[in-house]
Amino acid sequence: MSALLEVSGVSVSFDGFRAINNLSFNIGAAELRAVIGPNGAGKTTFMDIVTGKTRPDEGDVRWGEYSRSLLKMNEAQIARAGIGRKFQRPTVFEDQSVADNMTMALRANRNPFSVLGWRPSPSSDQRVAELAAEVGLAGQVNRKAGELSHGQKQWLEIGMLLAQEPRLLLVDEPAAGMTLAEREQTTTLLRRLAETRAVVVVEHDMDFVRRLNCKVTVLHQGSVLAEGSLDHVTRNPQVIEVYLGR
Amino acid sequence: MLNATNLTLHYGGSQILHGIDIAAHPGQVTCVMGNNGVGKTSLLNLLAGRHPRSGGEIEFDGRKLDRLTAQAMARMGVGYVPQGRAIFPMLTVRENLETGFACLPRSERRISDEIFDSFPVLAEMADRRGGDLSGGQQQQLAIARALITRPRLLLLDEPTEGIQPNIIAQIGRVIAALRDRGDMAIILVEQFFDFAWELGDGFLVLERGRAIMQGPKSDLRREDLHARLAGHATAAE
Amino acid sequence: MTRKPFILRNPSVLVMLAALAVFTVAVTLMSQAYGSGAVPTSMVKVLGKTLCLALAAVAMDLVWGYIGILSLGQMAFFALGGYMIGQWLMYARTEAIVATSLAQAPIPPTPLELQEATASQIFGVVGSSDLPMVWSFAHSLPLQLLLVVAVPGLLALLFGWLAFRSRVNGVYLSILTQAMTLALALWLFQNDSGFRGNNGLSGLQNIPGLDGVSQARLSIWFLWASAAALGLGYVLIAWLVGGKFGSVIRAIRDDETRVRFLGYPVEGFKLVVFTLAAMITAVAGALYYPQAGIINPAELAPIASIYLAVWVAIGGRGRLYGAVIGAVAVSLLSSWFTGGRAPDLALPGYVVKWVDWWQVALGLSFVLVTLFAPRGIAGFFDLFTRRRESGS
Amino acid sequence: MKTITKLLMLTGAISLPPGAWAQEGEPIKIGVLHSLSGTMAISETTLKDTVLMMVEQQNAKGGVLGRPLEAVVVDPASDWPLFAEKARELLTVSEVDAIFGCWTSVSRKSVLPVIEELNGLLFYPVQYEGEESSKNVIYTGAAPNQQAIPAVEYMTEELGVEKWALLGTDYVYPRTTNNILESYLKDQGVAAGDIFVNYTPFGHSDWSKIVSDVVALGADGKKVGVVSTINGDANVGFYKELAAAGISADDIPVMAFSVGEEELSGLDTGNLVGHLAAWNYFQTAETDENAAFIEEWHKSTGDESRVTNDPMEATMLGFNLWVQAVEKAGSTETDAVLDAIVGLEVPNLTGSTATVLPNHHLTKPVLIGEIRDDGQFDIVSETDPVPGDAWTDFLPESAVLDADWPGKECGMFNTKTGSCVQVQSNY
Amino acid sequence: MKGIDLGLDALSFASIYFLAAIGLAVTFGVMRVINMAHGEFIMMGAYTGYVVQTLIPDRTLSLIVALPAAFAVTFAAGVALERLVIRHLAKRPLETLLATFGVSIALQQIAKNVFGTQARPLTAPEWLEGAITFNDVISISTIRVAIFVLALLFLGLFLFIMKRTRLGLEVRAVTQNPGMAASMGINPDRIAMLSFGLGSGIAGIAGVAIGLFAKVTSELGQDYIVQSFMTVVVGGVGNIWGTLAGAGLIGALSKIIESLNPSNTLAAQTFMILFIIIFIQFRPRGIIPQKGRAAEA
C-alpha cells in the first residue's frame, strides 16, 4: 500500500527546544490512526508541520500519488490539496450563520474571483442541509454560530471539515468537552469517514481511542515511541513508563 | 482553612459547575478527580480568583470572600500551580521564582534554601530562561514558584501531566512533605489515579460539572473510586 | 431555501439609495442653479465633497470593517485619484488658454510649441518649463481617467503584495501603510517630482471645455456625479460583502489562520479587497478635488488617513451605512465649526470659544465613542431596530 | 466726553463727512480668511487679530461710508482646499465686500480661482514669490524685488559675501526666490560652484548636516553668506544649530526673508545677534505712526509683550487702502474699488508712503535689520520705496511680462507679442 | 574626514530618534499599547521645560528642575490615560490607536489654547552651547553630545529598571502572562499603569531634550510620532536593543542618503521611508526579532 502522507526524518526546534525530533510517519489512503502521547510530545507541532503552519528544519513531507512535497506549499495550498484540520478548540466563525460557515467550507474553487462569481445553487443549499443534518445541526442552519453550545460548535467544525471533502483529516482532541453520547456519535462518524479517506486523531482519552479500534502511534519527545494496535502499544514497557505508567 | 459551598460557574452561556462543595484543611490533600473537561480546572481557577463565580460561598480562614481577584488570593496565601505550568518563558528560573515576592514583605524577599533543597535542579538552572527548561523541570519550577509565596493553601492542577516517572515520584515526595509539615492545605487536581490515591486525604469526583462522589479517604474504597473513574485508568491495569 | 434578489436581502441598501436620491433631488431643487437658491453653491460643494468622503469611508469600511486591515494610507489613494484627474484638468485648461493667446500669432504654433508653452505656464512658477515625464498623458482625458484607477490600484497591488506576502499584520501593517502615505507625501512635496511640489495642482474647479457653465451649475453636476458614485460604490461593496466573498473576508478578519486551513488564499483575498478599495477611494478623490479646487501633498498627511478611520469608527465599523453616517456627521460638523458661525458658550468664569475648543471636543468624542459606543452611531440603530423587533 | 472729543478729532483728521461716525445703515462686511488652527495658525492668528483691531478702530472712527464694518471670521484650518471653500462661503453666503487673508502661496493659489470667478477682492499681506498678478488681488506684501534682491546687494556690498548658501523650505516661494537669486548672482559674476542650494521639508528639525555643509563651503577662506527662505518653525532649529555650532554672524551672516519678530519670540536671541533679516517693516522703526500702531496693538491684545511684524503692517496698509478706495469710489463694489485704488497712497509705518501701483503691488522701502539681544531688529539699512514687480526681470520668461492692469484685460501681458498670456491667473 | 563627520551626524540623529522612541519602547514595545498621543507627551515635556524656565531664570538650575518636573507631569498624564482609556480597551488594540489619536488632537489643541500658537523658547544652559570642534570638517554641537549621552543614560536606565528592579521583573511577568502574574500576587493593573506612566515620563524627559535643540510648539510631537513607531517596529518590538538598532539604522540611513543628495533633504527622507517599508517586508519582525514560541502568542 503506497502511503497517502509520508513524513520522513522531520525535525524542528523552537529556540533550542526540539519539538519534533527525526519523526517519520506514514498513513495510507483509507486509514484511521490515533496519535497519543503526553503533553509536549509534539502532537500539535506534528499537525502544524503537515498543514504548513510550521516549517521543519529538516526532513521531508510528501503527499499523494505523485509524492508532492508539502514543504513548498503554503497552508491554503495544502488544504486545497486535500488535508483538512480540526482544531482542539472549536474555531468557527461566530459572527456568521451555520449555513454561511458551511457554505464557506464547501468544496469549490477558492480563487478570490471565482468566489466573487460563486452563487448559491439548489445543489449547494442541499449539500449544506445534508451536512447540517449529518452533524445534528439540521434545525440550526440559520442561527449564528456564536449562539451554539460548545458541543454544537465542535459538530459544526466537523461539518465544515466534511464540506471540504478532504482526503486526509487531522483531528485534534475531538471528544474534549463532549458528553458520552456525543463521544460515541463521534467515534462512529470518524470510523465511517475513515472508510473513504485517511483520518488521524490526536486524543488523550484512552477509552475513546479504544473505541476507535485502530492503529495507534505513540509520540514521545518529538519522535515515534511505538506504533501498532492499542493493546500492542499499551504493553510496550517504554510507553507504560512515559505515558501510561500509572 | 478553606470552605466553599454550592459553587456554580458559567462561561458565557454554558454552565460549567453545578453546586460544588469543597473544603481543604491544613495538613491534608484534597484530590479533585474526573475526566477531561468535567470542570476540574475551572473549579481550581475559581478558587484561585482567576474567574468570577456565578454563585456559592467561599470562606477562607473563617472570613467570607465576596469578589476574588487572583492577586488578592495570592497575597492571602493561596499558591497556584496551573495546568501546563505557565512558566514565564522569557524570565530566568530565578526571576520566575522572584515573581512570588509580590506576596512577601520586603524584608522576607529571598529564596529559601529549602526550595533549592526540594528541587536541586532549579539551583543548577537558576540563570537559564524558563522557556529553555524541559517539561519536568518546568513543573518543578511551577511548584517552587508557588511555594515562594509561602501559601497556606496550595492549588495544584495536574502536576504529573506529561512528566517522566522519576520526576513524578519526586513531585509526589515534595507534596507529601508539604502535607506532613501540617500547616498547609493542598488541593490537588489529578487524573493519575495511583498518584492521587497515594497522596489524597479527601476526594471529590466530578462529572460534567457535578460532584458524583465525595468524602474523606477513610469513607471511600479504592475500588469504588476507581470504578467511578473507569475508562480512564483501565489502560494502566 | 429560496433566494431573494440581492436588493431585497439587503434592505439597508435600498434605504441608503432612497435617502441618497431624496437628498440629491432636494439639494437640486434648492440649489441656485436649478431651484430656489436656498442652498448656496458653496454649500452644494460642501455637500458634494462630503458624498465623496462618504464613498472613501465606505471603501475604508470594506478594508477595515470587513477584512480587518486598518489601513492608515487610504488618503494616499484618494489624493492620487485627485492628482490624476487634476493633471488633465490643469493641462487641458492651460492648453486652451495658451492656444487662445497664440492664436493671434502670425504663424500658428506647432503641437510641440503648444506643449512647451503649456508646460512653461504650468511649471514656470515653480521654476521649470519642461513637461515632466509623469505628465505624458495629461493631454488625454480617457488616459488620465484610466490612470485615476490604474495608478492607485497598482500602488495598492504592489504595496499589498509585499506586505501581505510577508504576513505583516495588525498594528505593524497599520504603521507600514502610514509610512507608505508619508513617503508618498514627502515625494510629492518635492518640487522635482513633477507634481508642482507644495503648490500642488490648482484651479481644478474650472473644467476645460465648460468655460461657459457657471460654478452653480457645475457644482450641482458634480453633486450628481458624486451621489451616483457613492450609490454605485455602495451597491458594489454591499454586493461584495453580501455573498460568499463577504463571508470569506469577514472570516479572514475574525480568524485568518482558520481561513487558510479552509484552503482559501488569504493573501489573494486581501490583495483583491485592498486594491479594489484603493480604486474606489481613488474615484472618490477624482470627484472630490475638482470640487475642492486644489490638491496638494498636505492632503495625504498621515493624519488625514487616521481621520478617515475615525469616521468609520464613529459611524460604526463593519456596516456600510455606518461609514456613510460617520463621514457625513464629522465632515459637516467640521465644516460648521470652521465656518466660524458656532456661537460661543458662556460658562461661569470662562467663555468657550468654539474656534479654540472644537478640536478638543472632537478629539475627546473619538475617545468617548471608542470607549462607550464601540459599534459607533450605527450601533444605536441596532438598538432601535432590536427594540422594535422585540416589541412587535 | 473725552473719548468723544478724541473721536471727533480723529474723524476730522482724515476728513470724513460729518456724522459718518453715527454708524447708520447696513454694516459692510469684510471677510477674514486666516487659519486659526493647524500648522499655519502660528503665523496667521496674529493677522486675524490685526484685522479685527483695524475694524474696531475704523468703527470707532465712524465706519466706512457711514456704515459700520463687520468682520466675518472663518477658520480655514491650514487646509488648502478649505481656503477655497471658505472664500466661496464668504463671498456668496456672508456676502463680504473684501477679504483679508491667506499666508502661504498655496492658500492664495487655492483662493484665486474663486475670487476671480466671483469677482471678489483679496488683500494679501505676505511677502511672496511674485510671478502672478490677479485682477482681484492687491498684494500688500513684498514682491521678490522688494526684499530678496536688495538684501543680497547689501550682503555683497556691506558684508563682502562671496559664496552663497541659499537655504529654503521646499515650496514655491523659496524655490522661485532662489531661482531669481541664482540668476541674479550669476549675472553678478558669481561662479555656479560658489552657490549652494538646499531645500528642507516643512518643520525640519535636524540641521546638523546642512549647517556643516554650509561651514564646509567656506573652507577655502572665502566669505560665506546664507540667504534663508526657511519657513516657520523650522527656523528655530536652524538658528539653534547655528548657535550650537559656534557660528556667529561675523563668521557666516544669515539673511532671512521669513524670520521676523514673531519667529524670534520662540528663540533665545543671545546667539543670533548680528544675523540679518530683510523686510519692509520692523517693529523698531522710529516713527510716530509706528509708535501709535504698537500702542494700539498692545491695547487691543491686552498683552504688552506681543510683537508687531511686517505682515501686520501689510495688513494694515491693505486695510487703510481699501477704506480709502471705498470712500473714493463711494461704493464697495469690487470693480469700482479696483478702479479707485490704483494710485492711492497711504503712509506706511516706517516714514514713507505706500502707493498702489497699476500692477496691484505697492511701493515699499526695503529694510535690513540686524537681530538684537532682545529679539528685535536694528535697522541697518533702508532704501527709498521700491515699486513691486510682479514678474521678475531676472528670469527670461517673465522679464517680458507685465501686469499693469488698468486698460488691459490681463495681469500676464506679454510686452513682446503685445498680447495677454492668461486672462485669469489660475496658478 | 567627511565620513567621520557623517558618522557623528548619524550618531546624533540616531540618538534623537532613540530618545523619542525609548518611551514608546516601554509602552508599545513591552506593553503592546499603541499610544498615538506619545508625541503629545513629548510636547508636554517640552512645554514643562519652557514653563520651568520662565519661573527659574537660571538655566542650569531650571534644566535640573525641568527634567524631573517633565517626568512627573507626563508620568501623571500617562497614568491618567492608562486608567481612563487604555485599560478599557485592552482587548481592542487597534481601537486604542483611535482613542489615543483623539487624545492626541485634543492635547495639541489644548496646548495651543494654553500656550498660544507661537513657538516658545527653551534654551540650553551655556555649558551646553557651542560645539566640540575637532577640525574644520568634524565638529558636533555640545547639545547633541548631551543628547547622545542622555540617550545612553536612558538605555542604561531602561535596562536597569527592566533587569534589576522589582518593577521591571513584574512588568516582564505581566507582559508574558498577566493571569499567571496575578496568581503570583502581582497586580497587573497597577503594573500596567506604572509602566505606562514610566514610558510616558521618559517621553516627557525626551521632550525637554528635544525642545532644547529644536522648537517648542504644540505640533512638536507630530514630527516624531510616525518616526518613533517606525523606529520601534524596524528594530523589533519588545527589545530595547532592537529600538537602538532601529534608531541607528534610521539615523545612519538618513544621513547617508542626505549626503548623496545634499541639496534635497526631502528626497532623503522619502527614500529613507521607502527603504524602511521594503526592509520590513523582508524582516517583518524587525532587526532583532523576538524568537521562539513566546513571540507567537
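By written order: A, B, C, D and E. Residues from 1 in each chain.
By our rule, a contact is a pair of C-beta atoms (placed from the backbone, for glycine too) under 8 Å apart; a residue touches a chain by one contact, two chains touch by 3 or more.
These numbers were taken from a predicted model, which means no experiment stands behind them.
> Touching both chain B and chain D, which chains are there?
E
> In terms of CA centroid distance, which chain is the most far removed from chain D?
Between chain D and the rest, the longest centre separation is with B.
> Comparing the two chain pairs, does A-C have more C-beta contacts than D-E, or is it the other way round?
Here the pair linked by more C-beta pairs in contact is D-E.
> Give, as an integer number of Å, the spacing between the C-alpha centres of chain D and chain C.
Distance between chain centres, rounded to whole Å: 35 Å.
> Could you tell me the distance, in whole angstrom, between the mean C-alpha positions of chain A and chain E?
47
> Indicate the whole-number Å distance between the mean C-alpha point of chain B and the mean C-alpha point of chain C.
58
> What whole-Å value do you get for the distance between chain A and chain D if each is reduced to the mean of its CA atoms?
Centre-to-centre distance between chain A and chain D: 75 Å.
> In chain B, what residues contact two or more other chains?
131
> At least two other chains touched by the same residue of chain C: list those residues.
If we look for residues of chain C contacting two or more partner chains, we find 186, 189-190, 359.
> Could you tell me which residues belong to chain A and also touch two or more other chains?
Residue numbers touching two or more other chains: 15, 17.
> Taking the complex as given, what residues does chain D use to touch chain C?
The contact residues of chain D facing chain C are 36-37, 72-86, 88-89, 92-93, 104-106, 109-110, 112-114, 117, 129, 131-132, 170-172, 175-176, 179, 199, 201-202, 397-398, 414, 417, 419-423, 426-427.
> In their complex, what parts of chain A are in touch with chain C?
Listed in rising order, the residues of chain A that touch chain C are 51, 53, 74-77, 79-80, 84-85, 87, 91, 93-96, 100, 103-105, 110-113, 115-116, 118-120, 125, 129, 160, 164.
> Can you name the residues of chain B that touch chain E in the complex?
Residues of chain B touching chain E: 48-50, 69-71, 73-75, 80, 82, 86, 88-91, 95, 98-103, 131, 145, 149.
> Under the stated contact criterion, what part of chain E meets chain C in this complex?
34, 36, 85, 88-89, 92-95, 97-99, 101-110, 112-113, 222, 226, 229-230, 233, 264, 266-267, 269-270, 273-274, 276-278, 280-282, 284
> Looking at the complex, which residues from chain C come into contact with chain A?
1, 3, 240, 243-245, 247-248, 250-251, 254-255, 257-258, 260-266, 268-269, 271-272
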